[in-house]
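Each structure below appears as structure tokens.
After this come two complexes, each holding chain A, first together with chain B and then together with chain C.
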Partner chain A sequence: MHTFAYARPATLAEAVALLAEHGAAARVLAGGTDLIIRLRDGTLVPDVVIDLKRIASLRPGVREEAGLVVIGATTVMTDVAADPLVRRHFPALADAAAVVGSVQIRNRATLGGNICNASPAADTAPPLLVYDATVVAEGPGGTRRIAVDDFFVRSGVTTLAGDEIVTAIELPLPALRMGAAHERRTRRRGHDLASVTLCCGVREDGVTRLSYGSVGPRPVLRVDETGILADPAAPAEARTNILEQLLADASPSPRSMRASPAYRLAMLRVLGRRALATALERLEARA
Partner chain B sequence: MSTDRVGASPNRVGGVGRVTGAQRYAADIKLADALQVKLVCLPVARGRIVSIDSSAALAVPGVRFVMTAADLPQPVPRFGPQFTDRPVMAVGETKYHGEPVAAVAAETKDAAEEGARLVRVDYEALRPIVTLADALAPGADLVQDASIRPRDPLAGTNVLREHRFGWGDVDATPADLVVENSYTFPIVTHFAIEPHVFMAAPDGDGIAVWSSIQHPYWLQRILAGVLDLPLSRVRVFAPDPGGGFGGKQHAKYEPLVAFLALLTGRPCRLVLSLEQTFQAVRRTCTEVHVRTGLMSDGTLAFVDVKADYNIGAYADIADRVVGKGSYPAAGPYRVPAVRIVSRSVLSHTTPATAMRGFGNPQVNWAVESNLDEGARALGIDRRDIRLRNVARTGDTLNPVDTRCDGEWDQAVRRAAEMIGWDTPAPPGHGRGIALGFKSGPTTGLSQSTVRLLSDGSALVYAGTSDMGQGARTVWAQIVATELGVPLERITTVSGDTAVVPYDQQTSASRSTVLMGNAVLRACQDVQAKVRAMAARLHGVPEEQITVERGIVRLPDREVAIVDVVKPGLGRMAGEIVGNGMARKDAEPDHPLQGSAAFFEFNCTAVEATVDEETGDITLHKYATVSDVGKAINPLQVRMQDEGAAIQGLGHTLMEHYIYDDEGRIRNLGAIDYRIPTSMDLPLELHSDVIENADGPGPYGAKGMSEGALISAAAAVAGAVRDATGIVIRDLPLSPERVWRALQERSAR
Partner chain C sequence: MSAMAELFPIELTVNGRRRSLEVAVHHSLLDVLRDDLELTGTKECCLVGECGACTVAMNGQIVDSCLVLAVEADGAEITTVEGLAAGGRLSPLQQAFLDTGAVQCGFCTPGQLVAAADLLARNPRPSVPEIEEGLAGNLCRCGCYVQITEAVLAAAREADR
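Right, the complex of A and B next:
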């Protein structure tokens, strides 16, 4: 492995200062489940690795405050999946966190790391988009809040500035009832990267939010406000048309060896229908 | 005591160490003062080496030596178990992606890696031959220079060998129905969890080598040849491997590391990553064309098979895989006429080697699937067509080979019964059944020594590599049974060619039979000496004494062996040493140079559903039943079969190499080469054994553990066909491939 300096700042300010000093030559370490692999295979050769795990103000955990559920960026997937607040209000996020990697990976991988890595296949991204999450970032200029839909650019690239650190993800407590479901497609039943990952949320006012990833450079959010998707009594053709419109932004890469574009697009539709059906059932159950 | 003996399932010898991490695998052995080795490879499969500049690498602190082919004896020594074709490192041109062109030895792994990165190789990328079609195209470049294939009429082609087997006259044999199809089998890899490890150190006037190898004595001979040393100066340490599956049978980078050790005068250590292991070992991939001739009542008239195996850049043992794997292509059936033509074909890909099933799964997948199609066309139940044709004990299979040596129909009936074959399948469920068949070892030589010590404890020396199959436990159970020594007072010794007597190899499911007989005979040698001792002690003629199963029977009473040995050895202590050997000689006129010591027979029966929207296969019931003669340790036997079944589900459902145009493996490593996990197992997995004590091994045992893998693919594909109507003739049956077939079915 390439040699690098290792910094373990005690405060967020120190970490931000280190990032500002080293710029692109620095990499941030939270769980390390993406970073360590790339350090070992030599695709990343940073001068310094900044470990966030000893920063007191970044202590992992989930809390409720002022109409929000706030998930610390260093909260690991296992804890996101098991958290009672997440499970009560954002069950599709809990479901997605529960299928990231393997048990060992979920015990290390953080929610902040998952979105900063910005893999198009990140399983937590579609539910965060459906639940309208906000990314909280700390930089030299202070705190910045970025809507998660404005956060993702393409694989490995976000709108986070080079000297900013994600500190938390905020999810607004739903004012209206919502039923939501996460679905994914993998090559085997055991842990695997998603070749399609998708979340569908249906609100009691008839709005359907559909988000999907691994079928293009970044996860996509599309919203149906016609109420047609949310209405099981609507004509099947009309519902299919709306679903097709929502899924039209998929553009899977022909270079991937995990699945062909044709299969991904077909599975996107299968998963879309299944997630919609489950979301409607869950909405009903919440009534 | 009875829980120690043959037929019981005592805890695995060494099992606790294996699961707690206490076992020392090859990579756990740290040699003082060792240099760490990193291989330098080109980023292409086939590259003509123009020049190698090591100066920048040698300037890295800690780098001690950069070895290239120029540092080796000239011409560069070549080696191989079957052909002497593989150079210690690439000469002139690399033949596969991952073949080393240089090796860096440094004080630390980081320094070696940094050095390897800085070795500058000028090369010209050449178009690689990756597929069978590339290799067999007229005018194709030759993978192996004709100069290393002297007196070989095929040297001007990429066909290394063509094998022809058979009997009867296929063309003159009438059939009511001929089913003709082509099937493919992908490239898969062994995926042993333990990495491949190669270490060497100068040892007096010779060399000591540590390797996670299945055949330490064969490696010893290869090294002695390459280094021009007597066998007595080559010491191979072979710690129990953590999985081998055939991938660790033969020498790979041991000669390279041995030269490094001799040139640096230091111990040298190379540990392959999983990615490098993918580049080092794999199974042959195969295209098989089958014609199955059937009479209208389902009786087999003929089987006509053409099989091309892509074996990669060097032969390793792969041509033997091709011959021995295609030879039983007609299956465990009575067939009047059989024609088999198989070819081993070279390409610029990882040299293929032995892998569990040894060439048989590839052909079995085709022939068993084709039989299913025949049964369907004739309206005959797929189990019944197999029962109609399967050989019974004593029946002739191949006229020049061993006759049917088992009650195979019992296994067929049992597996079918275990999934409820005669009851209607639930809606949407489909069933499949297939027979696995393999010729056992054709030659063999195993030697063992058993030392019964003065306190009644025992040492058993057996050169078999225990790589997880439980060989040590089997030896200990035989000694416990024959000498009456409790298991916890028996120590098994293996893994050191300077200490343990010769064993030809750990492969072909041979060890329980061949080494088992050697251990049994060593015990009988000890028993004979105990008998003489008892005669002396008790003043009774030897003829009036028998010794068996731990007991000395005197004319007037019975005593335990230990109660003869303790007084017999007396105050000076000492020990009783027994030697045993099991040998199966070659038969020069036989098509495989030897008939089968036994056959492996398995029946797999499956019940499955298919998600019509996604192509996902769910295996609801999976039954695997093997004819094992006698299960010396029933639990281990079933674990072997269940493991083989699961490994077979790998190539059946998901495993395959994907190559790019440069001949590089795109899905190198665990992320994009997926093997089954516990979550991918059948919802119900059942195993059973048929025991009629009709094998040539101790107590009537036969070899086993490959058969259950062989029949997996055809059984699963048969169930998918039954559930959906789709026929897929290419493995793996990935969700996407099944989905595509379902789409095509809907479009029709």
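Right, the complex of A and C next:
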């Protein structure tokens, strides 16, 4: 591994100042499960690595405040998956966090890191999109809130400014009942990234939110407001048509070694139907 | 920036023993365990967090030590495979690995043992799917998965007696 300077700020202000000082020559370290691989293989050669894990105000954890569930950016997947607030209000996010990597990876990989790394295959992205999450970022100008749908650009690229640090992810407590489910295909559980990762949420007012990743440059959110997908009694053909419309933004790369476009597009439909069925069951169970 | 590695003082507890040392900031916890502390039970293999050969417990949670910088382990409690045998006696889990033939070439065994010990600490009576999930981050190129699963089940039964 190339050498670098290691900074361990104690406050968020210090971390923001370090990032402002070093700019693109600095990299922020949270769980390290992506960063350390890229430091070792030389695809990243920063002068400074800024470790966020000793910043008191960034202590990991989940809390409820003012109609929101707030997940600290440095909260690891194991703790997201096990958290009672997440499990009660956002079970598809808990399910997604529980299938990221292996136990060893989930004990280190953070929610903030998963979205900042902006892999199209990030498993937490589809549920965060379905649950309408907001990314909270701190920079020299203060705090900025970014809707998660406006956060992802393409693989490895987000709308986070170079001098900003993600501090938390906010999830609005649902005003309407919602049933949601996460589904995923992978070549080998515990190791590989998702070939398809998908989340479907159905609200009691008939709105269906469908989000999917690993089938294009960024995770996609599409919404059905016709109520047709949410209605199991609607004609099968009508439901298939709507589902096809929602899935039309998938454009898997033919160059991926993980799965062929044909396989991904076929599995997207299987997982879409499966997640929709589970979401409807969960909505029913919440009634 | 100079090519000289920056050194950083850290203190950690490894298998119950406090250690103070200066580590290069770009060295992993795995590097420091093996090269500075000469605890070579923990193996270096894929270096991308996929194989689990470098698994150690850090503050009671298993991690791939190839994906942790040594400086991040400052203040941490680390358990490596060397810490599993209390008083020089194999743990029931270690003995079960031998008894079931779960050790073939042995290279993945330290990581498998640390991950399996963590699983049993969290879940003393795991089902086969729970064992498979708990050990999903540990590859065995000899293909001893069936025997490893048997060993974990046997260790769980032994603890119940």
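Here is the rule we use: the second predicted complex is superposed on the first by the 284 of 287 C-alpha atoms of A that agree within 3 Å, B and C clash if a C-alpha of one lies under 4 Å from a C-alpha of the other, contacts with A are read in each partner's own complex, and residues count from 1 in each chain.
The criterion applied here is as follows: a residue touches a chain if its C-beta (ideal position, glycine included) is under 8 Å from a C-beta of that chain, and two chains touch if they have at least 3 such contacts.
Quick caveat: nothing in here was measured; it's all calculated off a predicted structure.
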In the overlaid three-chain picture, which partner chain does A:R189 touch, first (chain B) or second (chain C), both, or neither?
both
With the two complexes superposed on chain A, say which partner A:R258 touches: chain B (first), chain C (second), both, or neither.
first
If you stack the two complexes on chain A, which partner ends up touching A:T226: first (chain B), second (chain C), both, or neither?
neither
Touch test for A:S155: chain B only (first), chain C only (second), both, or neither?
neither
In the overlay, answer first, second, both or neither for which of chain B and chain C A:T240 touches.
neither
Scan A:T3 for contacts with chain B and chain C and give back first, second, both or neither.
both
Which partner does A:V270 contact after superposing on A: first (chain B), second (chain C), both, neither?
first
Quick check for you: in the superposed arrangement, does A:L39 touch first (chain B), second (chain C), both or neither?
second
More residues of chain A are touched by which partner: chain B or chain C?
C
From the superposed pair, tell me which chain A residues show up as contacts to chain B and also as contacts to chain C.
1, 3, 189-191
Chain A-touching residues of chain C, taken from the complex the two chains share:
1, 3-6, 8, 24-28, 47-50, 52, 55, 58, 61-64, 66-69, 71-72, 115, 118-119, 133-134, 136-139
Show which residues of chain A lie in contact with chain B when the two form their complex.
1, 3, 185, 187-193, 257-260, 263, 266-267, 270
Quick one: in the complex, what on chain A touches chain C?
1-6, 8, 29, 32-33, 36-37, 39-40, 47, 49, 51, 53, 78, 101-105, 107-108, 189-191
Taking the complex as given, what residues does chain B use to touch chain A?
110, 113, 613-614, 653-654, 658, 666-667, 671-672, 674, 676-680, 734-736, 739-740
